[in-house]
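Below you'll find a set of structures to go through.
Each of the next two complexes has chain A plus one more chain, namely chain B in the first and chain C in the second.
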Partner chain A sequence: MSGLILKNVKKSFGKVKVIHGIDLEVEDGEFIVIVGPSGCGKSTLLRMIAGLENVTDGDILIDNLKVNDKEPMDRNIAMVFQNYALYPHMSVFNNMAYGLKIAGLPKSEIAERVRQGAIMLELDGLLDRKPRELSGGQKQRVAMGRAIVRQPVIFLFDEPLSNLDAKLRIQMRIEIKSLQQRLGTTSLFVTHDQIEAMTLADRMVVMNEGVAEQIGSPMDVFQKPETVFAAQFIGSPAMNIIKAVSERQSLKLVNGTSLKCLTQSNGDVLVGLRPEDLKPDKKGKIVMNVKLFEPIGASTILHGTLNNSDTKIVSVVQGLLSPKDRLSEMSFSISPEAIHLFSRDTGKRIVN
Partner chain B sequence: MEKRVYFKGWFLPALLITPQLLITAVFFFYPAGTAIWWSLFNPDPFGLSTKFVGFANFDYLFADSYYKESFYTTAIFSSLVTLFSMGIALYLAVLADRLIKGAGIYQTLLIWPYAVAPAIAGILWMFLFDTQTGLISWYLGLLGYDWNHLLNETEAMGLVIVASTWSRVSYNFLFFLAGLQAIPRAIIEAAAIDGARFWRRFWTIIFPLLSPTTFFLVVMNIVYAFFDTFGVIHTITKGGPGQSTTILVYKVYSDGFVGLDLGSSAAQSVILLIIVGLLTILQFKFVEKKVHY
Partner chain C sequence: MVENRGLNYWLTHVGLSFGVLVLFFPLWLAFVASTVTNSEVIHPPMPLWPGDQFFVNYGRALIEGDSGQTSASVARMLLNTVTVALGIAVGKIVISFTSAFAIVYFRFPARKFFFWIIFLTLMLPVEVRILPTYEVVAGFGMLNTYSGLIFPLIASATATFLFRQFFMTVPDEIVEAARIDGARPMQFFIDILIPISRTNIAALFLIMFIYGWNQYLWPLLMTTDPSMNTIIMGVEQMIGGQDDVTPWPVVMAASMMAMLPPIIVVISMQNLFIRGLTDSDK
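Right after this comes the complex of A and B.
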């Protein structure tokens, strides 16, 4: 059984098509992260599931019931908004109890549910406060509490961490994950942050320009990106993409360098090399003209170009490079298994 | 965030505020001061001499049953005008806020009546309800209702309330619409997901969040009904029949310029001045503190 099914869901605003047909089947209790750059349609997709936007074409099923034409309140979902969207004139208690009051629950049960939700989110001392008297992290907890107490079938999160500072964001990310695991509620989480996506998701949907580029577990997406976009969007620093011509199991890079690879193909391709897969090797074939060293503590990021070409490449080297190791020309090698190949026409991964 | 501009010398800032100060002095302080001065004097019937009478003008007013009646008339008139013009405006603004297509045209048309001067608005409504030639009174006649606001006190009051309300709806509409549009969409959406249907959302979320606007408008509308409706009343009923539509500001005029009792008229002006002062203080106190999120 699955909590949520999307069947070829499309959305247009007037003549502008923003979502071009998304298929997704979400297992019960699964944590799905929809990740993509701004304007890719990820929030629109979430709002369609919530019932805040009409569905132009396709079907949305919640608990095996088609909900396309149902009002948000009849879909048994709860949503956490980016700007918290707390009711500013109500206390924390009333914010959390609002939906329950409308549902007509008895007062004792409302009080009990809010109390439990508040304990779970460490809000028990704040129930009488107004939203303006709370910090950003507390507001976000109240927004989550409001969602939890309604005991919905699905949680929808619309970039809930974007307004928090970096430290709080990491803390809240962990809290959301452990909360979801404890409650076991199917969740959809929209973000533009690939780290959030990697850490939270059971499966992630990488979206770009209204298309789901890849749907899979974070490790799948990272290790076997299906498109150039997914390859570059997930992973930091982003994967290096180099033009090349392939002939059987040998690659000729744009600057003339030859590499061995395992994938069989012939013709124009794009080669994808993860920065951390490039190993410093004096005999390595990949030569980089280094323009900039960025020490980030445990490792150093090297920015430069592939020699004899304009192609920019990045590599990550463990440790801090001492000044005498910071050469203007450095050589790297890469194991054939770590090379990704993509079609130059379609941007799709070339598989054996 | 507050932006402040600092000037180094005194000359430029003085130059910049002088026009405002001059206008305030000439058109506000000077007349107000004159009114206060005159309220303490009584001219003889021929205007040849004046005599200092202290607070006798005020004593006389507070003992005068006509003046008390005018207070009562003003209270009814201003509360009904405020209630109706705000109620209608809020209803229209809520509809306009939900519009997707044609919102611009709808809003523009609703704002037009604001451009009509009160006196013109009064004449317009007077024509519509004219006992001899009025269109609406003619229709009412067909329905068997004999409309005559020149004789019937309730009808006269009703008509000036309708005319005053009509010319005020636009103003209130603008503020309510702006207030509605300032409420974050996400809050409304959160309430929708929480299960609140439209009217429930309106009364539990939207209306409370509009309260700063509402409070501001209550004060502004009371002030409007107290003063700016003079033109409407003057053109439609001239305060009649009897004294039934003589609100305080109209009484200032009729006692002073028709009855030529300048001392009493000045004293009434001073009382109105105090009322407005109190309303303004209330306005600032509340808007600054209570009704704010």
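Right after this comes the complex of A and C.
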């Protein structure tokens, strides 16, 4: 059985096409993260699943039932919004209980569900407070509590951590993950932050301009990005993309450097090199004119250009480089299996 | 912080006190006039300190008015005015709150059209449409009734716009959260929209109550029965009109009493009022 199925789901606002046809099958209990740059249609997709936007074309199935025309409350979902969307005049208890009251649950059961939810989220001391008397993190917990007490089939999160400060964001991220594992509820989580996506997802959907570029586990996407976009969006710093011409398994980079790789192809390609795969090597063929050293503690990020070209490249070197190691020209080597190849026409990964 | 010591401090206070005295002086004269005998008022010089006729004048105004010639007793007129002002304030709030709700939260055919129609009524206050309105009210047999005094005045484009502006600042996510919680439109209206608008409602209530209280032309036109007079027009009717001398102390007593209820309402609601105009509970 599958919790959620999207079949070629499309969305237009008037003439403007925003979602171009997304297919997705979510397993029961899976944690799916939808990740992509701002404006790519993540929220729109989530809101269609919630029933807050109409579906222009395609089907959405929850628990194998087509829900395209159902009201949000009849879809068995709960949603957590970025700005919390708590009812400002209601106490924490009433915020969590409101949906249950409307559903007509008996008072005793409402109280019991809210009590359990509050304990789970460590809100038990705050049930009488109003939202304005809570901190950002506490508000976010109440918003999650409101979702949990509904005991939905699917949780939908729309960038729930974006309004929190960096430290709290990491803490809440861990809490959301462990809570989801404990409850085993299918979840869709929207974010523009690739680190959130990597750490939370069982599988992630990398979205770009209304298209799912790749759907897969974080490690899959990281190790075998299917498109140039996915390759550059996931991983930090972003993957270097260099123009090249290939002939069988040898590559000639834009600056004339030759490299060996394992993938066969002929013609114009794009070569993808992860910054951390570039190993400092005095005899290495890839030569970089370094413009900037950026120490970030355990490692140093080097920004520069490929020599004899204006292609920007970035590499990451372990440790803090001492001033005498900070040369304006540094050489790197890369192992052939760490080289990614993409078609220059389609941007798709070349495999064989 | 502006300088709050020394000469400036005293100068501002002297300035403010002077302003208060200037504004307060006519009120003081009216009060003095309501506590003396008629001949003391009429023959100069005008007394500047209260006399000993307070209870006589106020009692007479409250119970007899101007002896039933053109005007009812002040007690009766106060009752009429409170009823009318309350009716107008509550009516305006109910009508404009629900219209704003419809315009902001529903996508119905010709929504824009209705919006502009409401907007147009801003250009048609009662004074402009007073004759046709009179026709209609007379046709319904509502002359000399409370409903006739209230209904033509309760449509309010201004209040509708204020509520519309406020509703548009309510985050969409709150509306959506309520939808996901399963709230039907009227449940959202009652459980969420009304409570979060309560300071705005209070502020508007205050303004509209005063507006209703101060109505003059409309009640003057449509009440012929003195027992339906409102106090503002009633006070005016106590003056002159008749051959006999106007009982000035009684008129002033009635005026003082006409001012009292709005003052009480303003003072008791001023906290809510200021909050309604300055912050919103979101």
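To be clear about the criterion, the second predicted complex is superposed on the first by the 352 of 352 C-alpha atoms of A that agree within 3 Å, B and C clash if a C-alpha of one lies under 4 Å from a C-alpha of the other, contacts with A are read in each partner's own complex, and residues count from 1 in each chain.
Please note the rule applied: a contact is a pair of C-beta atoms (placed from the backbone, for glycine too) under 8 Å apart; a residue touches a chain by one contact, two chains touch by 3 or more.
All values derive from a computational prediction rather than experimental measurement.
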In the superposed model on chain A, is it clash or fit for chain B and chain C?
clash
For A:P72, using the defined touch cut-off, is the partner it touches chain B, chain C, both, or neither? Pick first, second, both or neither.
both
Quick one: is A:S236 in contact with chain B, with chain C, with both, or with neither? Answer first, second, both or neither.
neither
Using the superposition on chain A described above, determine whether A:S250 touches chain B (first), chain C (second), both, or neither.
neither
After the superposition on A, what does A:N8 contact: first (chain B), second (chain C), both or neither?
neither
Can you list the residues of chain A that meet both chain B and chain C?
50-52, 71-73, 77-79, 81-83, 85-89, 98-99, 102-103, 132, 146
Could you please specify the touching residues of chain A with respect to chain C in the complex?
50-52, 71-73, 77-79, 81-90, 98-99, 102-103, 132, 146
Using the touch rule from the top, collect the residues of chain C that touch chain A in their complex.
171, 173-174, 176-183, 187, 191-192, 195-196, 198, 281-282
Residues of chain A that touch chain B when the two form their complex:
50-52, 71-73, 77-79, 81-83, 85-89, 98-99, 102-103, 132, 146, 150
Chain B residues touching chain A - in the complex, by the definition given at the top:
184, 186-187, 189-197, 200, 204-205, 208-209, 293
